[in-house]
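For reference, the structure discussed in these notes is given below.
Every chain is named by a letter (A, B, C and D) in the order it is written, and numbering of its residues begins at 1.
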Amino acid sequence: MERSACLLFQCNDKVGIIAELVSFFKAHQVSISRFEEYTDQQYFFARLEWHGDHPWGSVAEFDDVFKTITGQFEGARHRTYFFDQPQRLGLFASKEPHTLIEAINRTEAGDYPNTEICFLISNSPAMEKYAVRHGIPFHFIKTFKDPARHEEQQLEMIRQYQPDVIGLARYMKILSADFIATAKCPIVNIHHSFLPSFIGAKPYELAYQRGVKLIGATSHYVIPALDQGPIIEQGVIRVQPGDSVEHMKRIGREVEKQVFAQALGKVLQHKTITYDNKTIVFN
Amino acid sequence: MERSACLLFQCNDKVGIIAELVSFFKAHQVSISRFEEYTDQQYFFARLEWHGDHPWGSVAEFDDVFKTITGQFEGARHRTYFFDQPQRLGLFASKEPHTLIEAINRTEAGDYPNTEICFLISNSPAMEKYAVRHGIPFHFIKTFKDPARHEEQQLEMIRQYQPDVIGLARYMKILSADFIATAKCPIVNIHHSFLPSFIGAKPYELAYQRGVKLIGATSHYVIPALDQGPIIEQGVIRVQPGDSVEHMKRIGREVEKQVFAQALGKVLQHKTITYDNKTIVFN
Amino acid sequence: MERSACLLFQCNDKVGIIAELVSFFKAHQVSISRFEEYTDQQYFFARLEWHGDHPWGSVAEFDDVFKTITGQFEGARHRTYFFDQPQRLGLFASKEPHTLIEAINRTEAGDYPNTEICFLISNSPAMEKYAVRHGIPFHFIKTFKDPARHEEQQLEMIRQYQPDVIGLARYMKILSADFIATAKCPIVNIHHSFLPSFIGAKPYELAYQRGVKLIGATSHYVIPALDQGPIIEQGVIRVQPGDSVEHMKRIGREVEKQVFAQALGKVLQHKTITYDNKTIVFN
Amino acid sequence: MERSACLLFQCNDKVGIIAELVSFFKAHQVSISRFEEYTDQQYFFARLEWHGDHPWGSVAEFDDVFKTITGQFEGARHRTYFFDQPQRLGLFASKEPHTLIEAINRTEAGDYPNTEICFLISNSPAMEKYAVRHGIPFHFIKTFKDPARHEEQQLEMIRQYQPDVIGLARYMKILSADFIATAKCPIVNIHHSFLPSFIGAKPYELAYQRGVKLIGATSHYVIPALDQGPIIEQGVIRVQPGDSVEHMKRIGREVEKQVFAQALGKVLQHKTITYDNKTIVFN
């Protein structure tokens, strides 16, 4: 069966891991076309790609065979992805459409492998037009003081559409720990500052007050602690003398678009491994 | 008398300032060759340069005449610099020589107008060779638990050499509020992080732990609050997956060199105005 | 009458220009809120903005009064723009939609002052959907070997819609000198290389062959000589080892989008002056 | 015997190379600690590092054993480096000292593994002081119309000092094809433009005339065709409106320093493979 696939692997570092990984594929007569590895102190991380014939009918089948490797290395974990599996991206947005538009257009341009956007959820009806233009199911879900009220509706959508990844395209409501645990799929946020500077709702205002010379944007996985999740990508842009908060927001939008789209791309190409609240991002 | 000079001017913003400034010089038959202005909310900032004949024998004489302008505008302050005035730069360093070497070489290359380095003070005798190579007076001043003990010796040097600007080239001791007040001249620090992230002594370690994708450096004026002074310049560099703290320090050195040398240049070219703990930096 | 406006002014450099410009507005009791000037060898360039009351009912009326200034300075030329004048942007595209989408979305987001897109002309029917989504008139114009045949139809559109600016959003046909002369309005192109490297139709292929470590994009005014017009904006992105031409094209698209949108913004905000085949771009 | 080492390997791409390379080391009970590979169309490139015991007493001994691998792959070539081998860097300079100073200081800071500067050759006696400060042998060699006259003296120095790498730190004389062939070691140049734009002696002047918005620097291996060798590293910096050629030269110096020092580092860390007039640069 002709299938392209990739493997993400991590374990505690020790001598001989590279040889074991490579030998496994050789033993199954599968030729590795791309091998990338990193170590960080006591940890080892690798990503392998192969193209062409392979003997495994499904990811589950591969995982079953690959147990012989993971069993050998302490702390071993892996994820496998066959590139012909369709992927579903769910998007959340609030009032600002720029990162949403970018994610939609990159998906439409085919930048993300085998990906379709399965829904757009927003607490603002004004976002509907961006969904309608591209034939994306839109769901207006009003937010309440008690997040359980709107999160239940959101989870109902997630149950129905089964997204593989959720992207928060400048969605400005805090997700509860319960929501994050129940949603199960990775949730990628774009924060409008160079984290860890300027956590919270008003980063451009804080950047203005501190008089920084570069402003930035950060895309990270969402965890219960606000703006504290593993960072996937960051970018910056230069501020000019006298730039107002409004101007910073305008130029910051361009960085947010780039950083969010880049981070989504890495996640959807299965090029990230998280550990110790950090993210290894492969090329 | 043929003299090049510049004026830095700030006041509360209102209509008509540009016209008044320009008219002043026209009335004195001085032709402005460079005019740059910014506003930030309620404030107005300008820098003017002129070359060629002017009627003022000294900065004091200019200031006396210019009072007619500053008197008209609320919150008005100004500084004047004649480019033929020699400038004295005093340097402090500890153990890491890279920003020190950069500052020395830029001075020697003539990047800073009419500037000589008047001393190097260090709490490490290993820094002496960098001073000796360039004929710069070197003073080893041991640090004590009670900063008053070494700061008194440092202030003695400052009294003797009268620096116009002090540059802290990775000087790792905290200067007391008393020292800053007594030294009087502007003090420019290089901090090895992208402030306000990672204040304090171990920024690369903190950046590593947080898993940021860009590390940076910040040059700022020193005020009593640690790493909180008005920012002059910032720069960043990309971290690669698996980069150790040691590697971050190595690539960070290059950003520190650039940012510190750039900030010193702006200060020595009289292209900065501070206000509200921020810095306007002119081109 | 309350109107915001800007003036772009250039002339041969000599002493006293700044004073004359500022005095003119003072004499008409108009307060300049933004003044930015540059010199380049023998030339002087300035851009002034004012907000609030002014005595001029129209640009023509202003120009008539301002003749007293232009008459005084050799080589003087100026352009005036009242910010309440609506502006019409015409777009040309071929097969690649990314810069087109970016220009449309930035216009819709209000990034360009008082601007609407008056038409999209394409030699590919596949571009129609991008126009339809945003309610922009679309015109498919087939290209012929003899450019006069399709350019006549394009000029007919230009006569009908009267664009103030034309943007070539990866339009891949060469415009004749006749077309450029007849169209009259400024034409802004995005070229997919860091000019002057890699002129012509296959820049990514040439960049790949030369083994450059950064690829770029250049937005410039169109003149009859191919890819030789005054440069407005340029950007670059880093190439990784082993990047294919296809990969370069994908990452290059992001630079093209940024550079084209940025250049269009500068033109539509009236922040450019061309001279000697160069462009002064104001902040 | 405990030795750190690296292997650079290239061959025509085919399936199974990674497995063969890894198996070779496994068979010799050597554990690979770093593996990095790229493909470019029909070519395969890899760099491997290992630390700790290995059975080879010398590079020659390793090469002899490794023949079993190179014999299996068409177009196979390799280079091996044991990190305890001292490396000798020879420098050439003319009148501008900035890249020279940077290379000297980076070497002194220990940025390059096990490297000492074995000579500085210059056609300007003013460069002597930069050598003397750091105890580097200095040789003034006058240039003549007939390059054979000074190149013979330069080759005599090369024969005497046996440099592993030569760095041209803004050395402004063209090296003859004969010299390049006779010197044998790799020669790394820094060109003061973003190649392939602005080949030759006056790149900043040409950049100024063309009105580019970014200027750059390029470090490349020297081949007989002027400024046409395989590119190792490039960098750019933004030009401001009205920047003179002189100003471009000043800001360009900083890019030249960074790019040259970075390229030398990659060469001295054995992280480059050249092919088809291109360079693969490993992380």
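Throughout what follows, a residue touches a chain if its C-beta (ideal position, glycine included) is under 8 Å from a C-beta of that chain, and two chains touch if they have at least 3 such contacts.
Computed from a predicted model, the values in this text were never measured in an experiment.
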Practice prompt. Tell me, please, which chain's centre (mean of its C-alpha atoms) is farthest from the centre of subunit D?
Written response: C
Fill in: Pair exhibiting more inter-chain C-beta contacts, A-C or B-C
B-C
Worksheet, complete the sentence: Between subunit A and subunit B, the Cα-mean centres are separated in Å by 41
Discussion item. Between subunit B and subunit C, what distance separates the C-alpha centroids? Give it in angstrom.
Written reply: 38
Worksheet item: In subunit A, which residues are in touch with two or more of the other chains?
Response: 39
Worksheet entry | subunit C - residues contacting subunit D, complex | 38-41, 45, 194-198, 210-214, 216, 230-236, 241-242, 244, 276-282
Discussion item. Considering only the defined contacts, which subunit B positions touch subunit D in the complex?
Written reply: 97-98, 101, 105, 109, 111, 133, 240, 250, 253-254, 258, 283
Discussion item. Which stretch or stretches of subunit B touch subunit C in the complex?
Written reply: 15-16, 18-19, 22-23, 25-26, 31-37, 39, 52
